[in-house]
Every structure is written in C-alpha cells, then in structure tokens.
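Going in written order, the chains are labelled A, B, C and D, and every chain counts its residues from 1.
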Amino acid sequence: MAYAIMCSGGDAPGMNPAIKKFVDYLYKLDIKPYFIYDGLEGLIDGTIKEAMHKDVAGIVNRGGTIIRSSRSKRFYEKRYRQQAYENLQKYDIEALIVLGGDGSFRAMDLFYSEFGIKFVGIPSTIDNDIYGTQYCLGVDTALNVIRENIDRIKDTASSFSRAFVVEVMGRECGYLAAISAMVSGAEVCVIPEIDFDREKMLKRLQKEFQEGRRYMLAVVAEGTHTTYEIKEWLEKSLHVETRISILGHIQRGGSPSVKDRLIAFEFCIKAIEHLRENKNSNSVIVYNDGKYSFKSIEQVVSKKYQIPTWVLESLNYLD
Amino acid sequence: MAYAIMCSGGDAPGMNPAIKKFVDYLYKLDIKPYFIYDGLEGLIDGTIKEAMHKDVAGIVNRGGTIIRSSRSKRFYEKRYRQQAYENLQKYDIEALIVLGGDGSFRAMDLFYSEFGIKFVGIPSTIDNDIYGTQYCLGVDTALNVIRENIDRIKDTASSFSRAFVVEVMGRECGYLAAISAMVSGAEVCVIPEIDFDREKMLKRLQKEFQEGRRYMLAVVAEGTHTTYEIKEWLEKSLHVETRISILGHIQRGGSPSVKDRLIAFEFCIKAIEHLRENKNSNSVIVYNDGKYSFKSIEQVVSKKYQIPTWVLESLNYLD
Amino acid sequence: MAYAIMCSGGDAPGMNPAIKKFVDYLYKLDIKPYFIYDGLEGLIDGTIKEAMHKDVAGIVNRGGTIIRSSRSKRFYEKRYRQQAYENLQKYDIEALIVLGGDGSFRAMDLFYSEFGIKFVGIPSTIDNDIYGTQYCLGVDTALNVIRENIDRIKDTASSFSRAFVVEVMGRECGYLAAISAMVSGAEVCVIPEIDFDREKMLKRLQKEFQEGRRYMLAVVAEGTHTTYEIKEWLEKSLHVETRISILGHIQRGGSPSVKDRLIAFEFCIKAIEHLRENKNSNSVIVYNDGKYSFKSIEQVVSKKYQIPTWVLESLNYLD
Amino acid sequence: MAYAIMCSGGDAPGMNPAIKKFVDYLYKLDIKPYFIYDGLEGLIDGTIKEAMHKDVAGIVNRGGTIIRSSRSKRFYEKRYRQQAYENLQKYDIEALIVLGGDGSFRAMDLFYSEFGIKFVGIPSTIDNDIYGTQYCLGVDTALNVIRENIDRIKDTASSFSRAFVVEVMGRECGYLAAISAMVSGAEVCVIPEIDFDREKMLKRLQKEFQEGRRYMLAVVAEGTHTTYEIKEWLEKSLHVETRISILGHIQRGGSPSVKDRLIAFEFCIKAIEHLRENKNSNSVIVYNDGKYSFKSIEQVVSKKYQIPTWVLESLNYLD
C-alpha cells in the first residue's frame, strides 16, 4: 500500500512539518510514503519519488516546501489527468494528501470523479480564505512575520512623525490585514469586507493629531488596491508625510510557528487516518472551534469565506 | 465610575497588550482606568495611579508587564486586606481585573467575600496549568521562544553527534514540555503526567543509533526534577556525549505573539463587559474550543489542570 | 555645564543606545544632559528638556529614537538659526552631539561658524554613505533585518521555481544591496556603482537554468530605479515567473544589533571626551580599520562615499 | 588538484557559509573540493567525499556545520595520523582548510610537520579566545543570540523586581560576558580577567536600590565558576530575590549573522588564495583592525588571548 503527498498553489509555512509527519507516520503504519514534486505539474510529469526518513530530517523548522508547488493549466485537460492517473498506478499509489487552496481542491475533485483516487485536502494558505474552516495552515506564521515587521515600522514611524500605509497579503479576504491592524494597534484598516467610512475616520484622526498624535499606521489588504490612494488621502487631508510599505512575499516565508507545526501534524495524522478508514474520500479536513472534522469539496467551494464577526467588531474599536 | 487592573504572581507575555486594551477600552466607555502597581503588595501599599493613554503607548509589543507583579504573604493577613480595601475606596474603584494564576484568584476570592469588590481573573501563566481553560495568556509566546531556542540547540547538536537534555518550565504541568517536544521533533519527553518507560525508550533509541542516528534531543519538564538523571542515563546507556540546557527565564520574556495579543484583547474586553453587566463577580474568564466564557473561582481551583488527551496521544508517537 | 543631544535626518537603529550612553556618561562627569526633541525643528522651537536617568531606562533594545528626528527647511534661514542659538543660551548648553548624515552635519557647521556652538557629528544612517568613515550607525542592524527577510523570501522562491527581485534601501550608494546580495547568495546584484553587464549575466543564468537552477534572487539598490525593469528583463529573457519585493521601511527599524549598540556607546563616549578636551569642535567621529578618529566637516562632505574595493570584487564572484 | 575542508572542535555559526564558499570558489578555480566529515575523527576514518554544488545549496543561513565536527584523542597517536595521511593521498588532496580553535591548529601543525600537508586554519569559536586575531568566526552571531535572550530576561526581571544572574559561555575568556554585559546594560559583570571588587560594587548597588532601583542584571562568564556564588551574595547582601539563567548551548546555534557570513566568505577565499600561492603553509588567517593577514601556528598558540583594553575600560563604566 502506498500514499502520496503534494503541494499545490501558493506555498505556506507549515507545509514542511506536514510533509515530515506524513513520512514518519506512514512508516509507523507500514504504508509506503511517496512525494509528488512540483504539485499538479509533477503529477502529470511523473516526478514522483519514494520518501525516506532522511529526506525529512531537520525540515520541521524550515519555511516553504521541500517538495515544491506549482500552478497547472495542463491539469484542466483530460489527457494530462489521464497521464497523471497512470503515473500513480505505476507506484500503486492509492491515496493522496494535497496541501493547497480551494482551486487545487476543485482540480483534485475532478480527478477523483474520473479516476476514483481518494484524497484529503489540507487547507494551506496564508490568506485564510477557505470557506468551512476557521484556520488554514500558514496563517499564524504569516501573522507573526507581519507583526514583527510592523513593529519595526513603528520604530521608524514614531521617530519621525509620519504616517505609514502597510500593505499586507490577502486578495479577496481581509483576514491578515484585519488581525494585523488589531495586534499592531493600527489607527486605520482597509479591507474588502468593510466599507471604509473616510469622513468619520478623518474626523477622528484630525482630532487625535490636534491632541498630539505624531504618527499613525494604516494597514491595507492588497486586494483592495487602495494602498496608493490611502497614502494620498492621508497626505492631502492630514498634511502628514506618508510612506508606503508593501510587505510582499516575506509574508510567505519564515520558520513555521508552534501553532503551524502543531496543526500541520494534526491535519496530517487525521487526514491519513481518514484515508485508511474510508474507501472513498474527496474531503477537506477543517478546524473549527478547537475541533477537527471533514467536509466535502462541494461544501468547501460552495461559498466565500467570511471573516468572523468578532474580528469585524474588533475593527470597530479602531474607529 | 472607576475600574483597576493589576498583575499578580509570575509575569507572562501578553500582560502588556491586556493592560493597553484595558486603558483604551475604558476611556471609550467613560470609565476611569486605574493601575495597581506591584500586584497585591501594591494593593496593600496603595501604589495606585490613574492610567493615561500615554502610559500605554507603544507597549503592545513589549514582554513582561509595565505595572509589575508580585507575590504577597501579607495579603493573607486580614488587616492588610482591610488596608487594601480602603485604598480602593479612596479612588472609588469598584471593580478589578486581575492577571494571574489560581493562587492569585483564590486570594481575590477571599477579598471579594469580605469586601464585595467584584473582579474578573484573566488566566495568565506560561505554564498553562489552570483548570477550566484550555489556554492561559502567555503560553503561545513562551512556546515560540522555546521552539526558536531548541531549533538553535539542534544546530549544534547535529554538528557534533551529541544528545541534549533541554529543561523547560512547568512545575506540576508538562504542557510546555510536551508541546515543545512535539514541535521540535524531540526523541524523548519527560513530564510529570506520564510514567516514562525507560526500558522501551532505550530499546528504540539503541536501535536508532545502530541504524545511524547521530544526535538526539530530550525535553524535560522542570517539575519532574529529572534533568540530571536523564543526562546520566543517556550517557551511561547510550554512550553518547550529553549536554544539558536549562532554558530558564528566557521563556517568560519576549514580544507577545499575535495569538497572545489577540487573546489579551479579547480576555480584557470581555472581562470589562462582564463587570459592567454584573453587580457581583468573582469569576475567571476562560477559553475553550474557540469560545470565551466565565467560570467561578471555585470551579477553577477545584481541580488540577489535565493535559489534553490529544497531546498525550501525540507523545506516544514519540515512542 | 550642559551638553545636548539631538537626531537629525533619517533615523537609524542604534540612536537609542547612543542617547542612553549620553545621559549615563554625562551624569558620571557631572555635566547636565539635555535632549533636543525633533531635530533641527526642535532646536528652533525650543523643545529642549533636561534628560533624566529614567528617560533612558530600558531603551537600549529599542529601534528608532525616543527624542525623534526631523528634516528642517527653516534652519537654512538665518533668523531661525538665531532663534536656535538663543534657545541653547537659555539652558547654558555649550556643546551638541548630533546623530545624523552629511546634510545635517553641513547645517550644524554653518551654525557653528555663526555662533560658535561646538559639536560632534555621529554618522548615523543605514545607507552607510558618508565619506570618511567605513561605518555609520545602524548599518549592521539594517543588514541583519534584510538578511532575515531575504532568507524568508528564499523559502518561498525555492518552493515555487520563481525569480525574486528584492529592492533594498540606498539612494546613491549600493552598500546595503551589495552586502545583502553577497550574504544571501543572490545571483544578481544591481547597484549605482557598477555597470551591470546584462549580456554576460544572461548567458550565465541561462546556462544555470538549463543545468537545473529552479529559482533565483536579484538584489537591487533603490537608487538605481531599475527594480521593475529587472523584473521584466528576467521574465522576458529567462521566461521565469518573477516577483518583486520592496523591503522599504522595515529596514530602518528593529532592536539594535550588538555591533550597533557597541559602536553607539563608543561613538558617544569618544564624542563627549572630544568636546571636553576641545574648546572648539566642528568634527565628525569616524571609524576606520578598527580605530576611531575625528574628521572635520569639510573633509566628510568633500567627497562621495565609495564602496570598498573588496566588496566590489566580491560582487564579481556573483558573475 | 584537490583541496579539502573540515571542522574540528566546538562548532560555531558561520561554518556553513565558509563551507559553501569553499565549494563555490574552488569550482570556479577548477580545483576539486572535498569534505572531510566529523573532523579529525573523519580524517582518520576516511569519511571523505567530493563536494557538489547541491550539497551546499541553501546552507548559508543555517547554524552549525553540515560536515559536522569532533574532538579526537586518536589523532594524538602517530599511527592514526599515518592513516589520515593515507586517506588524503587516496583522493590527491594536497591542502586543507580547518575551521577550529587553537587545539585543532596545534594538531594540524604536528600533522603538517610529519607529512607536509599544507593547511590554513580559520579561527572559529564563539569564545573569541584565540591569540593573534581580534575576531573568531561565530562570535557576532553568539553575541546577538545572547543579547536577544538577555533582552527577554529583562522583560521578566523588570516585571518582578528581581535580580538575575545570567551565565554566558567562555571558559578562560570573558569576552562574550563582557560585551554582553555592556550591550545589555548589566549592572554587574564577572569575568576571569578582572578581579571583581565586591565591596565597591555592593556599595554602588545598595545606593541604587535605595534610590529606587527595582531590578538588576549580572552577567557571569562560565569560566569563573561563580554563578551560584554571585546569586547567594546578591540575595544575602541586597535582600533581593535572585534567579539564575544559564544560557548554555543556545549560544552556539542560530542562523549566522551578516558579519559572520561576510567574514566566513573572506576567511575562506583568502585562505584558498594563500594555499594556491604557497607551496607550504601551516598558517592561521587572522583579522585585526579591519585587515586580514596570516600568522604561523606558533605565533597563535604562543600566548593567551587578551580582551582588548577598550572593553575592560568600558566595563569600568559599569561601576
């Protein structure tokens, strides 16, 4: 019996701990672990290799993924999926664990419906934008990298009586921005989910600057495409020198935090047990209110992730 | 109307974010915030001061507590509690928020029963050993400080074919040790909660060293008092040069992690709301399965905290 | 007798340790220490305050500057310099220590020539672009912040077979970019000081990608204004997906490194001693080949800083 | 033509960057690079392997050494040195680079005198205790790890009105302790090089505690064996609760700092060039006042390293 693991889509810290646990745990169960390198592209091209203990020695503290990831257009053509299936047959791989986001889960679901290869998806994205789970692998590490760097920006902002507009990742989801704004004590937070009341905000800021505020911080989700606009708005309306900082891909890297290592282990072990106990599986493992459970792909891709109410309410404390 | 905040017992990262939120949030509610410096000692000695916005500017990223903490024997004498009560009367302080552990909560409960000063306890200790809550403020930061330093120890351990025995904090509770062992990939973990089967462990380790293992890591909870014993055992039975590293008080410091800042904010806001909504309160705010709720002091001090089953089970993966 | 300290121009990590040493050391010498807040603007506006031990307690590990900095146009008008002089007279301040760059030193030199207020400039800028000194305060911390974040970018770059163009600070000086490229193992480095031979570089990269290279890193000095150009060039000529990361102001923040703390202390102590020993001083303290010495402002502003030859030679190892 | 590299004695951060540069640079020169694993033990046992580019990919940011180190008693027996020589002959290795301390250099010198295998020693030890060089590889990283952790200890010390005695590495040399005490603002520093005047110190501390000091920090070099003694002395004479923190092996690990990466590269390149230019070499590369040069083993082992005067003088600022 053999299982394989692969990463698909954007990488996230915590993938390596999951990969390590996959190998170690399967060896205990006497199931052969395989790596599929380079995501769906590697599945098509057959870059598949039996995993050894030594491949995963010392990787638990490394960011990124040692088996690499990819985005694949070819996988949407039937003939490449056929080829992918044949690659798995060669190694008698009967189940897959896929670290990725909802796009990747959809692709795997199609593959499952055609060839019956059972799989479990592990939600892995620093954007935390997958419906049906409160947590996606990598978010805690990304948030702490952001925190550390915004703390640095505050050092220089406070030294120079300036405003800073910090752009953090998050395409259609403002989760990273919202949490980062809260924990960094930002005065302004702009996310796709909330209409940003500039009039009201401006009044508050003007009052605060009159009362002695010297610097301020705005955190903006990249998906709002308003970073430069906010900068100009602050400069014009508050007459405060304003700088932009786009955190960019540093948010994807870094040694996985304790939470991401723990959740990687739990996600992986429970995913393996699910595959062992079920003849069929096109499920995603999810984490809600401290509990792990499984959802169908359909459920997970059916709706858009919503930021929890308590976060949105907390943002109101910002105004 | 006035509320006060104080820290009591061992300090924990996250206390400063809670203190900041306390001040900011009360100002919004038009309730006067007071600091009681130096814990119960300061309550007795009347080192109480109205809190200003500027007192808490920029403290969210600092470890420790700006209002300091203490342990107090005097508070167990009635006359000092009487004096403490009178101090609060001077400032019309009608409610307290107390960041501390179960010892401090017990002391406050006695004070409450005598003088009717309502309070909410916020569980704050890196040991995570308070019954009734899955999480205590400071644990996530402590775990990440441990992780970072054990990762460093692995650098040198792997360079030199050595065993390391790392002692982490935790008096009667092995939570920190257990989680740290898991996320660092330690081979051995010794905690008060589990009988450590040396025979079985030794067999496994001997096999692994024969098969090529070059270094190993044991994580030991300080409360087991076995650090030196484990070192000698490893040296004698495995003939591997063994070093001890006692992480000590570095585990209590450090800039609060995102999780500890978030939970500090939520604990504090919900505690304040609880005090506003209730005429009496001798409660502790707790966090379980993603939800916040309140428990009476009695409940919290009635039993000993138990490490969750999933952690103990995961440790079995170590053998 | 009284001395004052101020920061002028861009802030740099290490300013706070210098400020702390200024206060502690002057107290030992029985000279009154003063803070001039907000740089030359504060000198004009008279935001001057006697410095206390408690003002500097615990600041040694904080980035930025607690006395803030500024850029001032007003100081170039005689009447404001007159006003500045009168402010200093009020407090009997007879000497200044100025943490800043060559623009600030020039301004102080003019002030000195008019009013005879002696001063020592401490070269402080993460750009390391002051002629006559091998080292400016803040550079080591900035380099380590860059290193840490480029290491994170490499995590994600290597996971995804991508090129990254990382823009680091440095207007007319490529020092930060050059050193960062070296210590991060970047394949490409673009700085104002070197003509970048694209043909030659391209050949090398093409060969390496053919031989199996999967990702690459280019470090670009902001002053070259070529970040987007390099991105497009890499995408077009190498057909590799390329991302930009502009590190921005995170490079200015962060807890000062050991080197920056040490040099801050030495700069400050030697500057004070120089002021005590000399009736007149319009000097800058410099650090070359392990030795501290003093140069006149004229010398320091006479030429443009040149990156040391060994750095430029080391960059050749990149091709 | 072939050269080999090995590590001997205690590991130090910066060894991996040196190893990477060794491989990359020799490939450029068309000289075959070899790894000798496990130090002198591996030299005897013949664990020698040709080094590939891929062996050193991504190691520049890792602490420790991928080729491991050891201490060897066998090497002091002639027959094992004979065996070592024969191992080198097998691969036509004509020169060695040895990362280590003075003990290792002495051993290599003996080997050189017998078999004429030329070598360059690269001083590598966090203790910074090698005579003839102001800097040894690894010191800057170790100092920054200490700094970061003492900053954490200060968080908790200041929260609790306590004294802390922090023990740092350094057997017969107080360099680490002295610099760490300075940059952390410690009140007390105990090193083997200075007679510690307790009477004088006590008076100063008593005065400060009377004037309001709430906590204090003592940094002690491990080689003084006084950690527990200092603790008791502080408790008895100052009546302040005192805790010990022994930093231990975390000081040896961690991602190499910018300085250690740079110096590793320069040490390695210059060592290689020296070997190419000289038919014979039993030298150590040293770094003094910003310049690199070579010294004979004899010179380096002839005397004991002395802490620079400016450091000892700076410590006087502590009293």
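Convention: contacts are C-beta pairs under 8 Å (C-beta built on N, C-alpha and C of every residue); 3 or more make two chains touch, one makes a residue touch a chain.
Remember, it's a predicted structure, so these values are computed and weren't measured experimentally.
Relative to the C-alpha centre of chain C, the farthest chain centre belongs to B. Both chain A and chain C derive from one sequence, and where they touch, over half of the residue numbers involved are common to the two copies. Mean C-alpha positions place chain B and chain C at a centre distance of 40 Å.
Averaged Cα coordinates give chain B a centre that lies 35 Å from the centre of chain D. Residues of chain A found to touch two or more other chains are 151, 154, 158.
All chain pairs that touch, listed by label, are A-B, A-C, B-D, C-D.
Taken in their complex, chain C has these residues touching chain A: 7, 10-11, 13, 15, 38, 62-65, 68-70, 145, 149, 151-161, 164, 214, 243-250, 252-254.
On the chain B side of its complex with chain A, the touching residues are 17, 20, 24-25, 28, 58, 60-61, 134, 140, 143-144, 147-148, 151, 154, 158, 179, 182-185, 255, 257-259, 261-262, 265-266, 269, 288-291, 310, 314, 317.
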